[in-house]
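Beneath this line is the structure, given in structure tokens, with notes to follow.
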């Protein structure tokens, strides 16, 4: 094995699984390793350090191994400045451009490690030698946003990533890198944990993002979500044309897809309500106008308008209508979702695969996520995308949201009682 | 088409789909029909009547068509006495024996139509010319219960079945022959309907049977089910060794499969609790003894013992232990389940396919059933088995049971308030 | 019940379930009916006729009942010309506009029944009093295509629909209105039936549309689909950015999402292939250019370019890139899909819910559809959308497509052998 | 933290994840660790060694931590002889008895480490001081097999387990401890890998066990499985009454649950075939008698009888009949399955959760398993049970088995061609 490089890895690299993945990658790809130094943290707060030489028969294999080690946080023993190549045209990146992970990342530029802003996976990494304040700046750009002349990173040697580490003291419901999803966890206890987390984020002034599919409304959970919005627990809502239409139909006709959500009666009567709702909102000139005109008087969309929730309705090819508020261009919608996602401290993904994947694509691995769906495959797919602090639940959204709202709001009352002397009484939003 | 017979069909045969199925069967099987008379009920309470000649090219096809029509309630224009052949040996039925449906059935014996008792599908139909009181009697027997000399029906000509008809005035949550299962119904409203039905049956002195899988306990719903038992809403419980063990583990160690169902803490500690629980119950001599000895002090099994609920624990090849109370022989267990099923007025099937199918096999098509599972395929399979009054829910058992218990018990309180003057205060069982 | 109207229904209305649904609708909605005449077709080729008065307590209920009966093919005894109202503005329809079903439909205009063109559900129905040739013409328009001044139908009284009827002689794999989906059908026999249907449509010069999700490529079925395209069995392909990218990645790097589909080896090596593929195609200027430049040399997209298959790549918010060929605007993409769907005689929906629903929304109920997915809920949802000739299979797309291609192409060889004397040897495309 | 013990761990403990799990367990359970020595294997063949002191605030927590470390292969620095307590009665074990894992295990008895025979999880560990040959012997017993006086292990201090380690050189389709199941793997390539593994085991004279559910027959895969049996690739078959009945029905009537598996025709005709099949086999006196009498002439059961395949039909409460060959007692059936499982070198679990779990319960973690089901939750549940060499596929059993048989048998033909000069021509069993 004539081709060889030496890398260093440090941190909680044993109990976070980093070393297991690094050794595994070398073996899987047909290389070999020689551990030159390994200092094991002797107690739980102490970090470990590993320096090892990695070898392979040919430079391509070595490169593949180094790429894999890089993604797990390994750094070349002798890192050099990041290599930058100017983009030859708009939307065109140089060959072999560096494609980002969703982990915190730094680039070595001019001998200094700079933090990469707006981290998100599968992006180009751009370095601006003279940022707004005259100092070098690094950030990500999705392919279609790359402009001619952007300086694009093309090699990993001057880049280091920080994969998530196992939290030192538990993680509550938010398991560390939990690949699997079990429907064998106690449902109400898990929802209570999510409620506590949600209240904690809100109390700390954090940003709560809700991603919601139409099933939230069909399943009768709209009122509970509207309550959470009204109580100030939702900062941004990312949904689609279908979600909004079903919610608005409830306000206009008392039905969702034609069924009375309370009485379950006369489902047949309402066949046309769905398309009529869209037509009424078009006539009014949009959702906000319909709220202002008193046409829409309740529901999630109503509360979002009333509470200035940052709302993005992204279009899709299966939409009826669509509503005037729906962003029909996918790239434009993605950009709007990206802004929401970058601001979020916790994301609740409620019964929608399409929108949850779209949001997940924009999230750094450090954002907390809660993924709820009745279909285990959906929850697994969402958890696999790599947040280090994710909780997945295979449950019925129609009972999940009401139970969550109950736990969140009853917690608020307890707080109110406890904080009777305090000057600020609201859990969130100040 | 030289082979032909004439049949009669009557009842609400259009809106119950009977005529659609009958015409369809003739066409599917390659026969032809000639409608000789068709009197349509002119309003919703009026029954319809059809007499038609059915023809086929060969006697086998005609027989197959007549068999299909028979199962949909058609009767030969000129029925003759049922044909009976003595069983040649124990467990051995005559060739071409009549295999029952799960619909109400009558046999023509000695010129009179007799109701078949203990109706259940895929059974032999036995006629006892001199029943206990000296008059002819007809009943079903599963194959392995047939005894040498039993008079077994071998042809359908003297037999008529009564398939379920569409109820005249709605059916609430219990849809008529609803093949499909949607997860797009409002969850809490549907649960409220089930709760009302349950309370109604209980108030009428009816028999409530619960079939429960281990997920009821894992998912944290055990306390809610125990409450329903304690409040008198459960007359019989059909479950397995796993359900009972998980429930007992909670009482003994506070865990289910090692996880604390309340705090979700320290799942690792309890690896051995499951097998230790079985060992403790064996040591005590059984569940009832363990309750009496104060070893088991809470949970579903505890409440079943305390409230004299008719409990059957059926064994399976995946059982650990098993507990001394578990019936390990499948035939013996089936017989015990059969007795429960025949007594039931409403059956709640909670998160178990195996036990639900076993119970469903023994039910006549007239028993109300509620099928709840997180897996849509399970719910579909259970609904397909042919109860005419079934409601299926694809939901999380861990939120379903607590919500159901809340709705049932809050309903009871309302009743209590309303019935303050009444002498009998208990909702059920008197 | 003081409000009443008389309707007529005719056709194979018993065995198609029409009468069952009509009687059911009246009862469900709280009305009553009085059958004035009912002539039953006495044999399988004879149609039936029903005239009945329908009554309700209030005009709204009567209207709801009549709406439901209308959708099942009932016509008022005394139909009047369709009511038309001019659209007040672009994309704005009159209140209470008529929303179409997906069944063949006619409007009574100027005393004559005119066939509605481009039938599709949830659309406005427009009448152009002077069509291209000076005679009245009727057609559908989706809401956002409505232009100020369009004459929009607003009442159902002058409109009649023709719901699908049960085929007289079997339907092969394409069951009539089969709501349920069973995974208990023999897989290979069912695929053989689909193959025969596909070859039949192709031989008759019919149009075959394929809707494909990315799983077709991940699962290794890309080669088989490419073979079907090459052999001329695919007229149009409707897919997304992901499908195309995965397919192109295979041609460029031999991997799909980084895994070598043949050897299953070194999945780690190819993390970046996905995003690099998009970048390469952007650099080339699009898929067709990449094929012409010899960059892409195999796969489904390659064969589509080479065989002039009408291809639509519709964008979505979860897309990476996207490829330059991807239509990112949902309304524009829908319009392109609509053209494909209206031309199709048979549609194969392969492992994609999003694109299948989008296509299904545009299909009349008379188009044959084959829905294949590993998730039973997806297949059920697609079958529920109302094609009268649909076959659903819960199976693995990775074995389905290769088996289908084998059956289709081996059938072709048999034909070739049989047609050795014929002048035209190709099964399709002339 | 006043309570402390020192443990040693050695082997490929980093890349197998052992150290990650050990450190994690200490932290999860609230203890602390102090690494006294850690020698890292410097290359892939070199093992590592760790000695660390573990502390906790109270003896119970320390015990829980040690238990967890024990299960991951840690051994106390100063192990003492295993503690043995005589069982007080039949089926009754001492309190705090040691419950086995499914990993290879040794006990320290009389100063020597003895291998535990018949390893299987959740069992009691019995030591017989004077085995058949006069030397000490250790083996497992399920609870209900424990006899009064058996010497049962009650503490883990003299016991060490050997959890599976990551194989040094790949693992083919059989991933190491792969928790997740993806439907995004190429289906046919994966089946080809399973076929190669199967042929390899067979060629090495290994034992192939097949666990099959009724869906194998419904889905039309019966012929392919029968071919594999006939070709000598199946040593034992573990199934249920339903599987056998459906298979026999095909031989007797050409149908499965009444549907002709080839033509898909006349499903209605065969309603009774299922129950008639059982009746015919009862009449014949059992399956073997029915084969000998020429009543059964094809199918899986036929080939099993003809090829002396060790067959166990385990009963369940949902069985019809049952067949005379079905073992109705669950404990007796488990014992029969246990013998099959202990002999197996590779187990194919085909579309049955119940039987697969029963078999999986009896398997040591070193047996290769292949789990195939259309339901991802089933595959996940089976893989979670802890074989270190398992491959899971979410696919259609109706295409899986025929494709597998094709690959296995075509491979055999290739071998035959290659081995034309050899004296033994059969791939298996000599």
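Quick notes on this one:
Note that the chains are named A, B, C and D in the order they appear, and that numbering of residues resets to 1 at the start of each chain.
Note that in this section a residue touches a chain if its C-beta (ideal position, glycine included) is under 8 Å from a C-beta of that chain, and two chains touch if they have at least 3 such contacts.
What you are looking at is a predicted structure, and each value in this text was computed from that prediction instead of being measured.
When the C-beta pairs in contact are tallied for B-C and for A-C, the bigger tally goes to A-C.
Interface repeat of A-B: among B-D, A-D or C-D, the matching pair is C-D, sharing over half of the residue-numbered contact pairs.
Chain centres computed from CA atoms place B at the largest separation from chain A.
The distance from the centre of chain C to the centre of chain D, with each centre set as the mean of the Cα atoms, comes to 45 Å.
Chain C has its Cα centroid 34 Å from the Cα centroid of chain A. One simple way to say how far apart two chains are is to compare their mean CA positions; for chain B and chain C this gives 39 Å. Residue numbers of chain B whose C-beta contacts span two or more other chains: 28, 183, 377.
Per the touch definition, chain B reaches chain D in the complex via residues 25, 28-29, 64, 67-68, 71, 91-93, 95-97, 99, 122, 142-144, 266, 268-269, 271-272, 274-276, 278-279, 282-283, 314-322, 328-334, 337, 354-355, 357-358, 361, 375, 377. Residues of chain C touching chain B in their complex: 14-17, 19-20, 23-24, 26-28, 32-36, 38, 40-44, 50, 166, 168-170, 179-180, 183, 376-377, 380, 384. Chain D meets chain C in the complex at residues 173, 183-191, 193, 215, 218-221, 256-257, 259, 261-264, 374, 394-400, 402-403.
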